[in-house]
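Each structure below appears as structure tokens.
The two complexes that follow have subunit A in common; it is paired with subunit B in the first and with subunit C in the second.
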Partner chain A sequence: MPAPDANLTLATVDPEWAWAPFEPDADHPWTPALAAHLLRRAGFGATWTELQQAVADGPEETAGRLMVDGYHATESFNPQFDELEPASPGSGTAVSAWWLRRMIETPDPFGERMTLFWHASLAIRADRVGDPGLLAGRVRSLRGLARSTFVDVLEEQLKDPAVLQALGEGENRRARPNTELARAFLEDFALGPESVTQDEVREAARAMTGWFVVRGRLRFIEREHDDGDKQLFDEAGPLDRVGVVRSVLFHPAMTRWLARRLFQAFVSDVDEPPALLTDPLANACLQGGATLLVWRILQSNLFYSPLALQQRMKSPVELVVGLARSLEGILPTEPLAQDLANLGQDLANPPTLRGWPGGRAWITDATMAARLNLLHELLQPDGRYKGRLDPARTMERHGRSPSDDPVGFFTELLGLPAEPDLAGGATSPREVVARLVARPEFQLA
Partner chain B sequence: MHQSRRHFLQTTLGASALLTFAPRIPGFLARAGEAARRRPGPDETILVVLQLSGGNDGLNSVVPFTNDAYIKARPTLHLREDEVLKLNDELGFHPRLQAFKALHDEGLLGILQGVGCDKLSRDHDGAMRTWHVADPGETPRQTGWIGRAADALIARPGTATPACFMGGIPRPFALNAAAAVVPAFRGPQDLLLRDGRAKSVRGSAHAEAPVNPLLNQVRQAAAEAEAQSSRLRAILEQGEGGNGYPDFPFAQDLRGISQLIQADLGTRIFFAELGGGGIGGFDNHANQAGNHDALLEQLATGVAAFVRDLRRHDLLDRVVLMTFSEFGRTLEENGRHGTNHGAAGPVFLAGGGVAAGLLGSHPSLTDLDQGGLRHSVDFRQLYSAVLGNWLGLDAADLLGGTFEPASLWPAA
Partner chain C sequence: MNRPHRHRWQPLLLAGLFAAPLGIQLACRASEPGEQLRRSVPAAAVVCLEILQPQALLDPLLSEDFAARVEALPLWPELVENPKFQELRAGIGMFQVSLATDWRTALRELTGGGALFAAAPGDRTVLLTDSLNPDLLKRVHELAVNIARGEAEKRGEPDVVRSDEQDGLARWTFNGVESHVVSGSRLVAANDSEVLEHVLAAARGPKSETLAGDAGYAAARTALGDPAAMLFLNLRVLRHAPGFLEGLEESGGNPLAALLIGGLPDSLKSADWLAAGLYVAKGRLSAQVKVGPGENPVAPPLPLGDMDTLLPDPRLPGEIAALRLNRDLHSFYSAKDDLFPARTSGLIFFENMMGIFFSGRNLTDEIMAAPQPEVSFVVARQDFADDAPAPEPQLPGFALVLRLRDPEAFRPVLEEAWQKALGLINFTRGQKAEPGLILDRPRHGGIAITTSHFSTVGLTEAEQGNIRFNFQPTLAMPGEFAILSSSESVARRLVDSLTGHGGTKPISAAGSHTRLTLHGGAIRDLLRLNFDAMVRNNMIEEGHTREEAEMAINLLLAVAGQVNRAEFGLGGGKQPPSASLTLDFAGAGE
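So, the complex of A and B:
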């Protein structure tokens, strides 16, 4: 691999080099920092065991374990976790709390990471769905689709009562086609607004008439379906719901839209990514095999280059879930859901259909203060979070005495760059972690 | 830089981050030498929006006490001439709005009458959504009017928080933004950095990191947060006596907002709320009198304490406060000593040199809209005035259409 130029930017990097597989060598060794980067991006954050395993195994094996083995690990986890799940959560906050607990405890962090990616890309608000149980069902459905192709995910959106309820009062009548659902589907979910005209929105709305949500379930009422001819992109004829999905299937904008969003979620959200970089990704993947795209991203030179390292802002959820996973503590997630909402990430209520703005928008003076205070609170020995994060126990669990270089241990565990005087003279594990997470680098994913 | 030199600088100056990432000079220092009363600069104006949840009964707030239609329609709920606090020969404040009357008499309170819009829903959620979204287009917009203003404000340089919510209910939809993150706070203490934070934030600023715009932004925001926190701590310590604010949560939220304004956060829009949080609020379908009276008193005493506090700090000229409620009530009381969902209602205004006294005309009590009052001012005219004339934003862009701004300021 050619030595990356120090002045390299996303706009000037050679796309061929960027997407070529990263092969560690003497000049670019596989380090604990790179392993932590992979585990953080693909699954919130690593435990000590996962990190050591990744350091020993290298990038490809580690990505494989995250993306494939994690899925199988949920087979034994699910029944056990499902027993704790309320059958029908009573509020949006309860749904958030339930999901946060799952993100922290799951043996499949990549699955939850992708569930969150879909939720933030096809973003439905609990307060518009009305019934929090429907939103919980939607999260389960997205989790089931975590490793599916974009087309399958899109198709499922039109069958999800939560989506219809949130976008059209659960009624789609022949005489009054629901353009809100059609617009959301084409512009926000599938293709991006630049690729869609108002005519297409109207035609798609006609094709999707006849579907209603009755007592939380979808029902097709045939006399309310407009079975006349429609024209939608390259498709023509008496299109129905399936026809709408078919019409976006071969639309070139679909994989471009997906590639851009995956780039921002996994590589960098500093700026809009240049098409020069995302187009090759999009072209490599007809029909939007999202998992395959993520696999290519996680294997690439670009992913392990300075153009990706620390080039994403952690969302509030990533900030906290990552810390909790690394320290292996189980947090009370009801207060957490509220605190994260106050920081701007109300998990059950993404602001728009395209999710949270992300990137630089996360950090302002006041959200920075509130983030630092939340991290501080999480590491208190008592209080709102009941001292559930206990760094001394984390060390002991891995056979380390709490006095055995806690600064070195947690710097490596949290994937922070090593610097002199990193922990400001702190010595107890709790104090060391409190100092480390207050460092600006900890805000970056 | 050499390690020992860096160490020297850090120990002697104590703030290497502040050298590299110097916070803005606090506005109150920059303004110290200037005349106390002057027109605020275009980036110094602040808007405070107070939501009265449940649908406030405007007719028993600003009372047409001589009007026969009012007296006849409200056999048990009407307020008599000898009870109201007279504004003129026809209109008077509810007796529990004494603090408003005092503000009014000092020229510090304006009342914009008959604010509403065509086809305003009579359903709480629907009407509230109309006020929150404020878009005349047919496409349901995904953002609220404050959220869109926040989106416009973060396009400017710096790391200031454009808008925030302070209150005991989930963040209202009005603050929903597409590009900005609009936080919610329980109180100003959420912005006080705990001891020990600052040192470690500073400690890493001497790393000669490669140019990383995100890291620079985090450092800039952390340096600002630290500076704001120390200003805020000093303000909170001064204010321990209470500064004349009553104890209830709404007044404490206003007190917190005043403290944040004094700490000069650079935040341009604050949003607070009265009546939500599961107590039914202003929605008084039965036995209205007791509950409504208490809420009005909370409103007036809270706002009055806020206005006087800001004036004492020479900040009242920089701040416009406005109230709103999703709808007014019906003229007629129902059979249960309450009133039902109506239409237009009054908006209370203070600060920023807004005109005092009654603005516009009182809605007719004979020409009704399904039992409610007809509006003479569209609520988007009010928004247009505060967004455009006051905050200096492109109101037509934010509201998706041009609305003649309501006349809130005395003619020059």
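So, the complex of A and C:
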């Protein structure tokens, strides 16, 4: 890895260098801080064991374990968890609560990270879906698609009753095509608004007519389908919903749209990514889909450079799930789902079809105070969170006495930069962690 | 005046726990139990808890039977393994050896003369206890002094125990904040030295300025009879506490809440005191709450009628709870504009819907006047046919039982309204493409009942457990009664209950206008039925593992298993408000 210029910015960095594989050397060694960075971005946060393993294995093997081995680890975990999670949860909050619980416990944090990525990129609201069971089914479906190609994911959106229900399937008739569904699919899910015209929205709506949700299931009513000729991008003819997906398949905006979102999710959401950097990713996307793109990002010089390190704001979910995973505690997730909603991330009800604004929007004076309050509450020995996060136990679990340098232990575990007096003189593990998570750096992913 | 660290109660608790009784030799001698303790408490106290019959309370708690019940709890093995519990057990062992007595005997002797805890405005609290064994109290205090000094030494801190003598009494403090004296058989422990001086001065001063001379306290004692313990709230003082009146206003401003609690908040606004007595009999724990009326009522009583009769307990098979009320809905609703001038949106919605269901009839004079004041609300287990969907969780059924003034005239009116309501439900569900209710008119107990159930056409396996299958809205009108139930099986059992026995006429309720009865066995059955759903909820509400959640629900089951029956009553109307609670424990009288 050549020494990056200290004055580099996303706009001036050389794309070839940026996306070249990161190879640690004497000048740029593989450190616990870099390992924590990888585990935080690709999952939510690391346990002490995972962190030590990553430090020993290096970046490539660690990324491989996250992206491949994690998937195999869910073969026994997910069915057991599915059995526990009610098939018909009573509310959107219950859906969120069970999902948060899974994020904290899963042996496949990358899979849940990608599920959350898709949920935030193809966002529908529980209060528009109506039936919480449909939303729970949608999250399960996205989990199954976590490592799929973008085209597969898009195709499934038009088969998901939750999506149609949330986007006005009742109007999906030949005489009155549902432009809300078509606009959401083209502008918000697939291509971005600047690449779609009103005519194209209308044509796509015509192609998707005839599909309804009846008692939670998709139903095709042929007489309500407009089987006339349509023109959508490069596709022409009596297109149906499959034709709509086919029409966006080779649209150059689709890969650019995905590349930009993945860049913001995994590299930096502080500044708008320049096309110079995202175009190479978009080209790669054509060759293998989202997972390959993520793999390339996680292996890149850019990912381990100052242009990416601590250049993302943690969303409230990342903030809390990461802390819980690192401290190996299970939280009461029903109150947690409500507290996260108060912080602006109601998991069941994203504010727009493109999810949460993210980036700097997460941090305002009010939300910063609320985030610190929540972290403080999570670390209390009692109260709403019942003292389930117990830093002393975390240390003991890894053979450390609570008095054995808790500041050093938790600074490394939480991936914070080592600085003098980082914990403000605190000595007990609980106080140390409370001080560390109150630092501005902990708000950054 | 600043009182630093007033919240540091550990030393006081130490004194209170192991040295319950106190003995200041007071000049005053009184014949009534506990009077010497009350003689030391200034009349300005707002909250007083007095243990009048310590043995009556301790006997069941210290019995072998109670110990066996506690040890049978699912949590017990885990508790025994808990290091803090083991520490406590070792501490008790050490005390037993040091004092040459067992802890049960020590507790009985240390608290046997009675105890009184009082709190006054400004965070002032005092605990007084009388011991049956002054020598034991003295030794316990010496032990506590030694422990406090030893703990300070262990922490490398200077000796924190201080004492000084005034008027022949040694004042002690374990932390420089709390203050206590031990004299003869009595311990007086206050949360600071100034409070202690007040208490000691009160004991020397005129009786009229203490609790022993307080007319309200004496009236409360008389009203409660002979309780084992008594809680007294001085509402004349408490009324001035921030938020007290506002809280009562809030609870009385909701029409439904006002109807349910029968004007209790208004009574409390003008009352002088509220007192609760606790009574212990074999296998039964009961409580009585009485309110002392003030001289100047701030509000007229709610227009709820005479309120002195109730429907008899329905005693349904599978009954979980029954709430029986006496409420003259017509009088209450006639006065709604005066009672609730700012009408809530809920009330407006209610009136709009009633207008639709009852085809524009006058809600006050034609609908609210239709039922007699005796009303029951019943919650009971419901039965699901083998070939019907089994919802998860399985909720209990509930039913409202009204007694009609003119059954012949009102039955068709109610029938029409009921069917309209079902039609409205079907219409709104149909708009959302959700399955609707299918109406039926089977006969049961010699009458036609209007029942309904959700369609099962095209039901998938995943939908079998849908929560909607808990509901089969049913209307039945046997004789002079109208039953509006969420469950067909509960409605059928109620028809049997109301037509099969002679005891359906209202009974005299002896001044009680509200009676809530809970049946422990049926609650246990319901909990068992929904065990898995409750475990799941517990996991996400409490952050428990599955094993921990199962343990918590098992504990709930075990605790519910201790109570066979609980009955809560409210009285009042034209009389001063009163409340009662009776708990019958499992295995009582065996």
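Definition applied: the second predicted complex is superposed on the first by the 440 of 445 C-alpha atoms of A that agree within 3 Å, B and C clash if a C-alpha of one lies under 4 Å from a C-alpha of the other, contacts with A are read in each partner's own complex, and residues count from 1 in each chain.
By definition in this document, a residue touches a chain if its C-beta (ideal position, glycine included) is under 8 Å from a C-beta of that chain, and two chains touch if they have at least 3 such contacts.
Everything quoted here is computed from the prediction, not taken from an experiment.
Will subunit C clash with subunit B on subunit A after the two structures are superposed, or do they fit?
Clash.
For A:386, using the defined touch cut-off, is the partner it touches subunit B, subunit C, both, or neither? Pick first, second, both or neither.
So A:386 only meets subunit C here.
A:353 in the overlay: touching subunit B, subunit C, both, or neither? Say first, second, both or neither.
first
In the overlaid three-chain picture, which partner chain does A:20 touch, first (subunit B) or second (subunit C), both, or neither?
After superposing on A, A:20 lies clear of both subunit B and subunit C.
Name the contact category of A:292: first (subunit B only), second (subunit C only), both, or neither.
In the superposed model, A:292 contacts neither subunit B nor subunit C.
Classify the contacts of A:253 with the two partner chains as first (subunit B alone), second (subunit C alone), both, or neither.
A:253 contacts neither subunit B nor subunit C.
With both structures placed on chain A, which of the two partners, subunit B or subunit C, ends up touching more residues of subunit A?
B
Mind working out whether A:284 is in touch with subunit B, subunit C, both or neither, as first, second, both or neither?
neither
Classify the contacts of A:331 with the two partner chains as first (subunit B alone), second (subunit C alone), both, or neither.
Second partner only.
Touching A:97 in the superposition: subunit B (first), subunit C (second), both, neither?
A:97 contacts subunit C only, not subunit B.
Could you tell me if A:439 is touching subunit B, subunit C, both of them or neither one (first, second, both, neither)?
first
Going by the clash criterion at the top, which of the stretches 38-46, 290-298 or 344-352 from subunit C hits subunit B after superposition?
Clashing stretch of subunit C against subunit B: 344-352.
Show which residues of subunit C lie in contact with subunit A when the two form their complex.
392, 432-435, 458, 462-463, 465-467, 533, 536, 539-546
Residues of subunit A touching subunit B in their complex?
6, 127, 179-180, 183, 270, 306, 310-313, 341-344, 346, 351-354, 356-357, 359-370, 372-373, 376, 417, 419-424, 434-436, 438-441, 443-444
Using the touch definition up top, name the residues of subunit A that touch subunit C in the complex.
84-88, 90, 94, 97-98, 101, 130, 170, 212-216, 329-335, 385-386, 388
What part of subunit B is in contact with subunit A in the complex they form?
Within the complex, subunit B contacts subunit A at residues 3, 139-140, 142-143, 147, 154, 159-162, 164, 170-171, 173, 176-186, 190-194, 196-197, 199-201, 203-205, 207, 210, 212-215, 217-219, 221-222, 224-225, 228-229, 265-267.
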